[in-house]
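Shared chain: subunit A. Partners: subunit B in the first complex, subunit C in the second.
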Partner chain A sequence: MITKIANWFDERVGWKAVWETIFLRKIPKVNWLYTLGSATLFTAVNQAVTGILLTIYYVPTPDHAYDSVQYITTQIPMGWLIRGLHHWGASAMVILTVLHMLRVILLGAYKYPREVTWFTGVFLLLVVVGFGFTGYLLPWDQKAYWGSSVGTRIAGSTPVVGDWILRVMRGGPDLSAITLVRFFGVHVWVLPASLILLLGIHMYLVIKIGISAVPKREEE
Partner chain B sequence: MSEKERLTRRDFMSIAMWAIGGVIGAAFGIPAVAYIIGPAARKQEDQGWIRLGAASKVELGSPTLFKSKIEKQTGWITNEEELSVYVLTENGRNFTAMSNICTHLGCRVRWIADQEQFFCPCHNAAFAKNGDVVSGPPPRPLDQYQVKEEDGQLFVLGG
Partner chain C sequence: MNEKEKKTYLEQYKKDKEKGVPFYPDILFKDAVVSLLIFLVLAALAYFIGAPLEERANPSDTSYTPKPEWYFLFLFQLLKYFPGELEVVAVVVIPTLAIILLFLLPFLDRSTKRHFWNRPLISVLVIGSAAGVLFLTVQSIRETPPPAEASQGDPVAALYTENCAVCHSGTITVPEGTNLHDVIAQGTHEGMPAWSGDMTTDEIDALAGFILSPGGNALFKEYCSECHETSELVASDPIELKAALDEGDAYAPHAEVSIPEWSEEITLGERTALLNFLVAPDGQRLFATNCAQCHGRSVGFAGEENELRDLVSQGGLHLEMPPWRDTLNSDQLDALAQYVTASSDSGNTRELFEQYCASCHGKRIPTMDDYDQAREIIASGGAHETMPVWGEVLTSEQLGALVSYTMEAAEGTSLEAGQELFAQNCAVCHGDFGEGGPNPARSDDVIAPISTTEYLTTRDDHTLFQVIAQGQPNFGMSPFGSTFGGPLDDDQINTMVAYIRSWEANPPVELPPEVDSSSVSLSSGEVYAQLCAQCHGPEGLGDVGPSLRDPEFRAGNTSQDIFETISKGHEATPMIRWGDLLSQDTIQELTDFILGLEISEAGVKPEPTPGFSSFAEDVLPIFEAKCAPCHGSMGGWDSSSYDTVMTSGDNAPTIIPNDVENSILAQKITDTQTYGTMMPPGGKMTNNEIQLILDWISAGAPDN
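So, the complex of A and B:
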C-alpha cells in the first residue's frame, strides 16, 4: 500500500531520484570529523524551530520584551525548554560552525574544486555570528542591554566611520527601542533569509561536488 | 531471501536512523504542541463578587446599566477592563443581572427605552426586557450573572 502510494507520487514528481541524490549518495571513507557540518545543520534546524516558536509570545518592545520572555520561561508549558533549546543551541551552533571550519582548513577541504563552497561557508560564519550578536539583545535584561551597549561601542571604535556605524547599528546615538526592534528584524528576517540562501548554495555544492576524502601522503 | 529474511547492516542502519529521527521529532513536536496550546488550556481566573453599585439606582421595571472596573490578566499584561451589566427588577427585591454582550457574535447591546428592547447594532438583533430573543440571529437569551444584594449594594459573580 505505502509502496503503491510512493510509486504513484514518484511517477508524477520524481522524488526518488532527489532522495537518492541527497541521502543515498556515495561518499569516500572518512572519519567522525566529517559529521561536524551535519551537526551544524542540525543546530540550525533547532534554532529555526525553537526561534519560530519563541516569536509566538515574544514582543520586541522595551515595555514588553523582558516581561514576555519571563512569561515564556515561567508561565507557558515547556516554555523553559523551548527558550533553553534556543539559548544553548545558539552557543552550540557557533562552536560547531567554528569546529566545522577548522576541520575544513586542517584537512584541506577548501581547495579546488570546492572554493565556492568555502566562500559561502565564510559568509555563513558571519551570518551565525550576526545571529548571536542580534539575539543577545532580545531578552532585554541587564546582561543583554549592557552586552549590546558594549558590542555596538566596539563596532563604533572603527577608525573614521566608527561613529557612523554605531549610529546605524543603534538607530541613533543611544541603545533604545529602535535598537531593539531593528535587532529583532535583522534576527528574524534578514539573517534567516541570508542563511537559507547561502546554506542552499553551500549544500547544493556539497552534494554536487561530493565531499572531500581524508588527505593522503603522496605515494612515490 | 534465502532462508529467513536476513537483516542487512544497511537495513539496520536505516531503521535505526528513522527511529532516532522519530524520537528527535517527538522531542520537538510534543513540547511544541504544549507550548502553543498552553494559554488556551489555562483556566480563566475567578473574578469573585464584583460590586456594581447601589441597588437603589435600579429603576423599577426598566433595565439599568451598571459599569464597573475589573482587572484582567492576559499573558504578562494586567488590564483594567469595564464590565457592563444591565440590572432589572420588577419589585425592588429580586434582581436579574444581564450581560450586555450579544449572544450572537459578541457585540455590545444597549437598551432602547422607547422600544422596550435591547438592540444589537451588528446584525439588528433585538432582545426583550428579560433578555429573551425577540428577533434576529442570536441563538440564546442574554447571559445572566449570579447577583446578590448586600447592605444596599449590588454584586455579580464574575468568572
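So, the complex of A and C:
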C-alpha cells in the first residue's frame, strides 16, 4: 500500500530521483567535525520555527513590544520555551557558524572546487551577525534599547558616510518607533529572505560537489 | 591550481567518495545526534535560565550602562584600544579588512595543500584571530561594570552614560598614576573636551570614583543613597568616611539613625570599593583635598618611595601639641583662638602666634570656623594637628595613588631642590618663606615680601630670573648668576624660580611683616654673616669669593685696600659697591673685623673653631625659640636648661659632646636622623642656627 502511494507520487513528482541525489549520495568518510554545518542548519531551522511562532504575538511598536514579549514569556503556554529557544538559539547559531567556518578554513575546504560555496558561507556569516544585531532591539527592554543605541552610534562613527548610516539604521536621528519597525522588518523579512537564498545556493553546491574529504597531512 | 592538479584532486575525491558511506543513514544519523544534543542544550538553557527581559526601555533614563550582545563584545572592547580619532580603525578598518580577507581567502591561499599542518601561515593566522576575539570578549566581560539593574536611576551612572560612554563605551582603563580629576576637568586627553564647564567639581569627583572603582557606585546606591546624595560625600574626608563604615551606629553622626552595622553588612572588599568610589584613588586629587591644607600645594619630597609610603601611612602621632592652658593665661588663649578663627590681627596676637605656634605650624596660620572649638583645642592640646595615620584610613589603592603622585610631582618640579637653593642663598635676607624682613645692607630699609600673590603675579619667570642673576646692587643684592660672577648657574636659578613660583598658588604670607625698621644696628660680625659670608664663607675661608684668611691675601692687602674694595666693589663680580649701601663707619668696622680673622693656611680648614661664645647666650636662645614650645612641657627631651638638655629625653643622652654624628639632636636638626622626623617639624632651622648648635656640640658641649 505504502509502496503504491510512493510510486504514485514518484510518477508525478519524481521524488525518488531527488531522494537518491540528496540522501543516498555517497559521502567520503568524515569525522564529527563535519556535522558542524548541519548543526548550524539545524539552529537556523530552530530560529525560523521559533521566530515564526514569536511573530504571532509579538508587536513591533514601542508601546507594545515589551508587553508582548512579557506576555509571550509569562502567559502563553510554552511561550517561555519558544522564546528561550529563540534567544539561546541565536547565540548557538553564532557559535556554530564560527566553528563551522574555522573547520572549513583549517581543513582547506574552501579550495577548488568549493570557492563559491565559501563565498556564500561568508555572506551567510554576515547575515547571521545581522540577525543578532537587529534581533537584540526587539524585546524593547533597557538592554535592547541602550545596546542598540550604542551599537548604531558606533556604526555611525564611520567617517564621511557615518551620519548617513546612522540615519538609515535608525530611520532618523534618534532611536525611535521607526527604528524598531525597521529592525523588525529587516529581522523577519530581509534577512530571512537573504538567508534562504544564500542557504539554497550553499546547500545546492554542497550536494552537487559533495562535502570535502578529510585532507591527509602531506609529508614534505 | 592548474588543470592537472584540479584533475588529480577530482580523481582522488571520487575515490574517497566511493570508499565512503551513503549520506542516509550514516551521516544523517551523526547530524541528527548532534542536532538533538544542541536542541536539548537550548531547551535546558530556556528552562533553567530563560530568556532574560529587563525593565521596559526608558529612553529618558540615561543612567543605563549599555552593553551589546555578547558576540559583539570583542568589537566593543576593541574600540577601547582605539580612543579618539583612532576609533575609525576599530569601527571600520579592522572589521572591513577582516571581511575582505575572508572573501579573498580562496585566492590568497592557492596551494593544493589542504591539511592545516601543511598551511602553517593560514592556520596560525586563523587560530590567532580566533584567540584574539576570545581574549577581547573575556576582557570585555571582566571590565564591564556589574549588571546594570543596580545602577538604575543612578545619577553618577547617568553622568557617565551621558558624557563618557559615547566615546569610551562601558568602561575606561585608566593607566596608573593618571590624574583623572584633572583629565576630566581639563580634557587633557586627546580629543576630549574640558568638562569643568559643564560639570561641578562634585560631579567630576563622582565620575572619577565611578571610573576607578567600578561597583563602588552600585554599593553607594544600595547602602548610602537612601540618606545621602553622592555630591555630599564624594571627595570628602576619608577619615570620616572610613569611621562611618567601620563603626556603624557608634559613629557619632549615625547615632540617631537606625542603620545596620556596616562592617557586618558589607564585606571588606565592598567597603574598599565603596571608599574608592567616594574618594577616588587619584593621587593629585587626594593630595589636593587631604594634604594641601597643611603641606601647601607645592609637593616636595626627595626620599625613596617606600620612605614616603611609610611616612604617609604611619602619620605623625609624635607631633603632640602641648596643652597651652598650662603655659598661657586665659587672655592669651582668647586672643589666639580669635586669631585662628577670624584672623583678627592685632599685632600682639601675631607675636603670640609666632612665639608659640609658628615653630610647629610654620608661617601658615591654621584656620578654624568655630571660636569655642578653636579655643578648646588650643587650651587642651593633643593630637589635633598631627598628621593622620593615613595607613589606617586610606584603601591601598588610594594610598598607592597618593604616594606615586607625590613622588612623581616632587620629581617633576624639583621644588625640593629649589627650596634648598633658596634656603642657602636667599633665606638670609628674604626669610625662609620669602616673607622679607629688615635689609641688612641698608639700615633703614625693609625687604618687602616676595612670596605674596601680588608680587608673584606681577613678575614673570624671566623677570625673576634676571633679578636673581643680575642682583639688585642698588638694594644690596649681589648678582647670583654665574654670568655675572655669582655662584649659581642658569639651571639652578631656574629651579629656584620654579620654587618661588610655587608660592603664587598658595602664598605663605599675604601681608608684609611688621618690621621694626628703626632699630637695626648690627655688629660687624652680624653684617659679615649676612652680607659677606654668602661669598666668602661663614668663616672667611672663601667660597665664590677669595679666602679672607689666606696668608697671601692678607699680605697683599692693607687695611686701606680692603676698605677700598668693600666700598667700590669689583666690576662684574658679586662684589658690588657696598659703599653705596653701608656707611663709612660700618665698612671700617668690617675691615677691622676681617683683619681680626685668624690667618690660616690656604685650603686647609682650621679645627672647627666654636662659632659660638656661650651656651647661655648663643645656644639656649635657639632652643627656647625653636624647641621649647614642645620640648619642655610635654615630657621627653627638655630643652629648657643645660642640665635637662644634656640628660633628659626618652633616648637620652640626646647630645654626645664632641660627637656631632651620633648626637640625636644634631641628626634631627640636620634631617639625618635614623628614626622619627626632622625637627623642628615646621621647617629646618636657619643654617646659622644649625651651625651654631653643631659647633657647640663639636666643641664638647660646654656649659658656659
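Criterion: the second predicted complex is superposed on the first by the 216 of 220 C-alpha atoms of A that agree within 3 Å, B and C clash if a C-alpha of one lies under 4 Å from a C-alpha of the other, contacts with A are read in each partner's own complex, and residues count from 1 in each chain.
Here is the rule we go by: contacts are C-beta pairs under 8 Å (C-beta built on N, C-alpha and C of every residue); 3 or more make two chains touch, one makes a residue touch a chain.
Computed from a prediction, not measured in an experiment: that's the story for all the values here.
Undergrad: Please indicate which partner A:Ser149 is in contact with in the superposed arrangement: first for subunit B, second for subunit C, both, or neither.
TA: So A:Ser149 only meets subunit C here.
Undergrad: Which partner does A:Tyr57 reach: the first (subunit B), the second (subunit C), both, or neither?
TA: first
Undergrad: Just subunit B (first), just subunit C (second), both, or neither: which does A:Leu138 touch?
TA: neither
Undergrad: Give one of first, second, both or neither to describe whether A:Val94 is in contact with subunit B, with subunit C, with both, or with none.
TA: Only subunit C is touched by A:Val94; subunit B is not.
Undergrad: Which partner does A:Glu115 contact after superposing on A: first (subunit B), second (subunit C), both, neither?
TA: second
Undergrad: Once the shared chain is lined up, is A:Val188 touching subunit B (first), subunit C (second), both, or neither of them?
TA: neither
Undergrad: Between subunit B and subunit C, point out the one touching more subunit A residues.
TA: Of the two chains, more subunit A residues are contacted by C.
Undergrad: Please indicate which partner A:Leu81 is in contact with in the superposed arrangement: first for subunit B, second for subunit C, both, or neither.
TA: both
Undergrad: Which partner chains sit in contact with A:Thr158 here, subunit B, subunit C, both or neither? Use first/second/both/neither.
TA: Only subunit C; A:Thr158 stays clear of subunit B.
Undergrad: A:Lys26 contacts which: subunit B (first), subunit C (second), both, neither?
TA: second
Undergrad: Go through subunit A and flag every residue that touches subunit B in one model and subunit C in the other.
TA: Touching subunit B and subunit C on subunit A: residues 46, 70, 81.
Undergrad: Going by the contact rule at the top, pick out the subunit A residues touching subunit C in the complex.
TA: 22-30, 32, 34-35, 38-39, 42-43, 46, 62, 66, 69-70, 73, 80-81, 83-89, 91-92, 94, 96, 98, 102, 105-113, 115, 118-119, 122, 125-126, 129, 132-133, 136, 139-147, 149-151, 153-155, 157-159, 174-175, 210, 212-213, 215-218, 220
Undergrad: Note which residues of subunit A are touching subunit B in the complex, please.
TA: Within the complex, subunit A contacts subunit B at residues 46, 49, 53, 56-57, 64, 67-68, 70-71, 75-79, 81-82.
Undergrad: Which positions of subunit B touch subunit A when the two form their complex?
TA: The touching residues are 28, 31-32, 34-36, 38-39, 41, 75-77.
Undergrad: Okay, in this complex, where on subunit C does subunit A touch?
TA: Those residues of subunit C that touch subunit A are 1, 6, 9-10, 12-13, 16-24, 26-28, 30-31, 33-35, 38-39, 41-43, 45-47, 49-59, 61, 64-72, 75-76, 79, 87-88, 91-92, 99, 102-103, 105-106, 109, 112-119, 122-123, 126-127, 130, 148, 152, 161, 165-166, 169.
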